Amino acid sequence: MTTEPMIRSESDRDPEFAAWFTSLVEEEKLRECIHCGVCSGNCPLASHMDLGPRKLMALSRQGFAEDVLGSNTIWLCTSCYACTTACPQQIPVTEVMYALKRRAIETGKAPSRHPVPVMAKGFTKMVHKRGRLTEAYLIAGLALKSGITRYIGMVGVGINALRTGRVSLKLDSIEKRDELSRLLDAVDDHSKEVSVR
Amino acid sequence: MSESVDTQVAGNGFEPMIVAFFCNWCTYMAADLAGTSRMKYAPNVRVIRVMCSGRVDPQFVLDAMAQGADGVLLGGCHPGDCHYQEGNYKALRRYRLLKRLLTDLGIDEERIRLEWISAAEADRLRDVVNEMTEQIRSLGPANLQVPQEQFVKPVPISLEVSV
Amino acid sequence: MSDKPKVAFYWCASCGGCEEAIVDLAEQLLDVAAAVEIVFWPVAVDGKRSDIEAMEDGEILATFINGAIRTTEQEEMVHLLRQKSQVLLAFGSCAHLGGIPGLANQFDRETILETVFDSTPSTVNPEKVRPQLEFTENGHSVDLPGFYETVRTLDQVTEVDYIVPGCAPTPNIIGGAVGALLSGDDLPPAGTVLAPDTALCDECGRKETKPEVVAISEWKRPHEVLIDEDLCLLAQGLVCLGPATRAGCGSLCIGANMPCSGCFGPTSRVRDYGGKALGAIASLVDSDDEAEIDKILAGIPDPVGTFYRYSLPASRLRRAPMERPLEVAAPKGE
Amino acid sequence: MTAYDYYPGCSLKGTGKPYEESLLAVFEALDVGLDELDDWNCCGATAYMAVDEKKAVALASRNLALAEQSGKDLVAPCNACWLVLNKTSRYLDEDQDLNDLICSAIAGTCPSISGNGKGASFEFSGNVSVRHPLDVLYNDVGVEALENAVTNPLSGLRVAPYYGCQIVRPMSPFDDQHDPMTMDHLLAAAGCDVASDYPFKTRCCGASQMMTMPDVGIDLVSLLLEDAVSRDIDVIAVACPLCQFNLEGYQPRVSKRIKAETKIPILYFTQLLGLALGLDKKALGIKRSFVPVEPVLARRASDD
Amino acid sequence: MTEANLSAGNGNGSPRIGVYVCHCGTNISATIDVVAARDVAENLPGVVLSREYKYMCSDPGQEIIKDDIRELGLDRIVVASCSPCLHEETFRNAIADGGLNPYFFQMVNIREHASWVHKDIKAATAKANDLIRAAVRRVRFHRPLEARRVPIDPRVLVVGGGIAGIHSALTLADAGKKVYLVEREPSIGGHMAMFDKTFPTLDCAACILTPKMTQVRAHPNIEVMTMSEVVEIDGFVGNYRAKIKHKPRYILEDACVGCLECIDVCVFRNGKTPDEFNLGLSKRKPIYIPFPQAVPQVVLIDPEGCIEFRTGRCKKTCVEVCAERNAIDFTQEETFSEVEIGSVIISTGFKAFDARRLPQYGYGRLDPVYTALEVERLVNASGPTEGEIVLRDGSKPKKVGIIHCIGSRDKNTNVHCSRVCCMYSLKLAHLVKEKTDAEIYEFFIDMRTGGKGFEEFMLRVKEEGVTMIRGKVAEVYPEAGNTGRVVLQAEDTFLGMVRKIPVDMVILATGIEPQADAEDVRRTFNISCSTGGFFTERHPKLAPVSTFTDGVFLAGACQAPKDIPDTVAQAGAAAAEALALIDAGHIELEPNTAFVVEEECSGCKTCVGLCPFSAIGYDEGKASINEVLCKGCGTCVAACPSGSIRQNLFEDEEIFEEIVGVMANV
């Protein structure tokens, strides 16, 4: 039985992270959380999360960056926006989740072989290169990078998809691949978060 | 926003001077409420209290501008809410014509502004003051206060034949 | 040299109408002429600037100056005459308030010169010649007065004792002024406008035809309507500025079925004629809705020309803002 | 004939093929044109936003820019595409800095959009709305027109409409956020017995986690399917390729998980509408279902 | 204007001005350099003395002013401190005590308008200096004035007949004042009449309310007008006139004795229309009495449901049975009446939040979901189930969930806390537990039990075994398997886990909102609303029942959500304020009226049509202002084209001088 220390000292706090976090949403809205728990209560994934959105927000506000960026909560978020629309303080929780995911990737805090960031990166790579996604190749790449064993249960689905003609084995791509990748490179700018307004 | 406006005072740049005429029952109260709520806004406005926006004689606006005000802000009750039933409508009529006269003279229309701000709308008061201060800051000084000596110095018609 | 009181007349930026007004005194003029010695009156009597310069300070009893101040020469002459006169009178709207020439204060000097010497349809000036301050040929030189950026009223240039208002002053007003000066007693305090200190309605023949409540849903211009000859003009939707304008003219224009345009200027209680008149006129608009208010007020196409027709230089703002307020003194192209 | 630009998105070319087939067939039957957007690219879905925000916006913006060339509204049948494109269009509308960044990037790198040569410039006119087929069918075509076209009402078929999350949250421009009804009405017009008691019509299906954390995905799907089983639902109707695949693909595992036989066909609402319009089953991609559909349809026939 | 126009209070020479800059503790001095401000003031023309002091409004502060007036012969006073709305009166009184006309005074607002809203000391001090300079320049032109006295009509209009209106009306009537009590529903009683018990004492609401309702009915000084609304009010403090609309009841109120026989004989055997008083949980007939204890005890007819109104071919059994008294009158129409009063108490109450606006809680869609007000009726012995707690499907609940903050503390609906829901939820938990022994879950965000005996009541309810879960329910959905139950899903933030709890009954603790037509009422009475829509009191601390319209007072939940004791206390306070006004017999008004200077007036009549109070007359070629009717807005002053109208306290010179003052540093 392992034990996780349930105590946090002030030195565990990262004030810069807390400041970055509260600045994500205008008018210090993120400080207005009343801890009603509706975000977690509404979250279809809360049952699998170590923290859940409410605790995640509380830890973020206090600057416990390690706990936040190392949590599985941000990677379990499926962007269904149930929390966002229900929040009585109108906090855009989902957009904040996106920002936390990006922060985790940028700062290297994302678990290295965690399938969600691995898949996200694989996804962006394929799209950047080809402009479109070919599902089969994405899955194959994911399985190779994050451990093939966990996908054994999926084999049946794959066979079904093949049988019904719903898998394309041709790598799809757009015509103007060069234009697109140049376009994406042209906006390589991380100076300012835009989505959380 | 409010803080940035307040701190800009420390700089050496142009600081707009705005004279405001506020109705006692609404905008003046909103400014009081902004105070009791400790909201922060730009320190560029000087408020002169009147009982009703209907008391504001266009002469006051012209006088303030002639003395160097970079903008004039009038604050009255929302349409239908005048403490004196319809003084704000009189203010509106005068304001619309005065604004035309001023813009015809070449004065930027942002320099004169009539806003309906109820006693409860402290946040609006704050936003209007900040917004107007910033607008006028970007317009620059009004330069309507023309120093006497500039009238006195002779200006010849022209010294050379222009090409 | 006679011992009759000496009187002078001078004109600055004006149309000449004020000179006409003096002539219009008709028989009265003869009485005046008999009572005084006219020492200087360029428009009617031969005389030189040097004659005035030769006079003692205060030698002239009264000088009547009409016209606004636009050029260096006008200013010099005004100072000279002030020095030589016991009493200086601003005669007519231009000297009093800036008058019609004062409307030029809507523009800057360069725009005016460009219009006059360049861009009007009737101008033919391909070389873009402009008059110059000095011109020398064969050792002879001539000079021209300098042209100011801004038109000023007489009292913005020098101290004025009395004002005879009007465009032009009406005979009764002139007569009253001259009479008061010559009688010498009970002169009002300096700066007084020599006309009643109430508004024109007070003496308007149509006063009692004005309803108690005037609410205007459409402003009309005189050429657009058949004007009732008896009814209050404001009540007919015409912009009559009588309520804002000093009385004393005998409501001549209204008698001729034309609305008052404000040449006598404001009463002593008003600091800015246009602002006050605009406030009063706008208050009469019969709407509380912004869009409709604008629609009704669009019936007054030129607010500056309407409310400051005679008084832009005397207004609180005096003129339109200048593009380069600190550079105006520097001659162009230097 | 009204016509729209059509943005299929990656899934409709793969696992979501029956959605595309049935959508095109139904729209054709109702005389509504769909012109596939030339050289469209992936919308970026949720994954791109998690990695790089500006690039995610730029990616989606390219599609909007392409669509602006025709100026027709853009129909995006996949919920994720629909949301990403709508969200992007809102960002571009509300954030001028971002808009400037994207426009100058497009002008500088995409001659096929902004034209060749120096001084190429690009600006969004905002003349394109991104629409979901539910929105188009309900608001533009109308329930009445659909009803009139129905030749084979699906009476007796107990269908639970399942909307998924991303067409009602965070924006819901064409339907109620908490209790959306457009699909309910369309299916009712097709004669279906709409199961209004199904409580999870907007609950997330977990598709985005199915590949990455299958246990989690199975949990979410189980909840949705278990409830449907308990309510004797014949068919769950969906409007998103991700929901469809997710709800359908794992039913054997769900059966084990909830200890109850789970064999509920998951059909696109367009497939059901197509059946009601009397269209050919093959053309509607009915045969591409993993869970056999025939038994359910047959049971309905025998109930009649 | 020249110095010659200055009017010195001492009658000769130039004014002697004293300037006082207040620190207000550190409220002002923390942001404004008060010493510098004092020094600047000292050098302004006419200023004889300039001081700064800790608290100018304190007794010692006022004494300083009085002493300076007496000893230094000051004849103008400027105090730079807080808003004139707060202390102008204080200083005027002090100045009068010092022997000077109180209007030789100008107050400068350097707290609300400067120190509290700015951070930069330099900028705030510069602003304060400008404002002080403006006041010093202005005060030189002040003239001695006298307050206006206006007589007060002793009659009072009370708008709204809930507990607030009832208590106000009784207090006033007991003091011998005539009261018009206007209520738009067919009976007075308001929301309180619908409640079962009151927290935390569990008094029976009806038992304490109905005696007061009966008193109202019987009181010789109270005239109750039900089914009536105030549609128009004009006049001013002490002298208002209200126009009241009376909706038809189709019953002659004076003839009906409340025997209710007409209801028994109505051709409808059973009620068909949802009963408003029971929130639709029962049905009523088209001829009905709202509830048994209604005041007045008079029936009414609902024309929507009545056959006679719909077809004109009813047997009219009601008319037959009432033949003797002949109280039924199908021809009644809307009527209007007018009353004259001196003051008004507004007690229009609140509206319960409409739970349909939050569809995730299933109200109106899922049978087990009730609002708190519905449950009040269910547990009430005179309610639709005679006090039995029976669900819509006829069963008794075994598990009940109560969800707090429905329509409160939620930016999607109302930001404010409704203040009473925590307590009434605990009360309902107790009552439901008592009657059904069901298992009860209270889902709360924060348990707010600030009130006498409130915390103790909460502990008692806990002792009774009610489960408290800290967390707002996120979703209510039907349980799988057709159980009829619903599942409540919420994060239990105590445990940090999401819980799903199936229950038989859900009670939504709906919040308190302003009445739907609060905006109309606000306009009618010329008062203001706060951001949330509740009426704004004159001062949140010091004038909690007054409004900015003199003679109009507030009582009860129309001002903000509050419980019954607070409502009654406020109703008493409002009545006391009205009584103070009435018993003074007159009121002193600001002498800020306008007047025409006759010899200057040209009789142009521009002003006449502009006055909304018809205070300006025209006679013999001149306009003149009736001081009694003038309210001092100054619109005519601004419009007078010849500058011949002045406004006391706001003369042109005074305002022009203020402009010079604020601009002097530019």
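Letters A, B, C, D and E mark the chains in the order given here, with residues in each chain numbered from 1 onward.
Please note the rule applied: a contact is a pair of C-beta atoms (placed from the backbone, for glycine too) under 8 Å apart; a residue touches a chain by one contact, two chains touch by 3 or more.
These figures come from a predicted structure and were not determined experimentally.
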Joint neighbours of chain C and chain B, given as chain labels: E
Neighbouring chains common to chain B and chain D, by label: E
Between chain A and chain E, the fewest steps along chains that touch one another: 1
Pair with more cross-chain C-beta pairs in contact, given A-D and B-E: A-D
Between chain D and chain E, centroid-to-centroid distance (C-alpha), Å: 51
Interchain centroid distance [CA atoms averaged], chain A/chain B, Å: 49
Length of the line joining the C-alpha centres of chain A and chain C, rounded to whole Å: 77
Residues of chain D engaged with two or more neighbouring chains: none
In chain B, residues with contacts to at least two other chains: 57-59, 63, 86, 90, 94
Residues of chain A whose C-beta touches two or more other chains: 47, 82
Pairs of chains in contact (touch as defined earlier), listed by label: A-D, A-E, B-C, B-E, C-E, D-E
Residue ranges of chain D touching chain A (in the complex, touch as defined): 10-11, 13-18, 39-42, 44-55, 57-59, 62, 91, 94-95, 97-98, 101-102, 105-106, 108-113, 165-166, 169-170, 177, 203-204, 206-209, 211-216, 219-220, 223, 249-250, 252-253, 287-290
Residue numbers on chain B that touch chain E, as the complex places them: 3, 6-7, 9-10, 17, 19, 25-26, 29, 31-32, 34-36, 38-41, 43, 46-52, 54-60, 63-64, 67-69, 80-81, 83-87, 90, 94, 118-121, 126, 145
List of chain E residues in touch with chain D within their complex: 359-360, 365, 477-478, 480-482
Of all residues in chain D, those that touch chain E in their complex: 176, 178-179, 197, 199-200, 226-227, 230-231
Chain E-facing residues of chain A, complex: 34-43, 46-47, 52, 54-55, 82, 86, 88-90
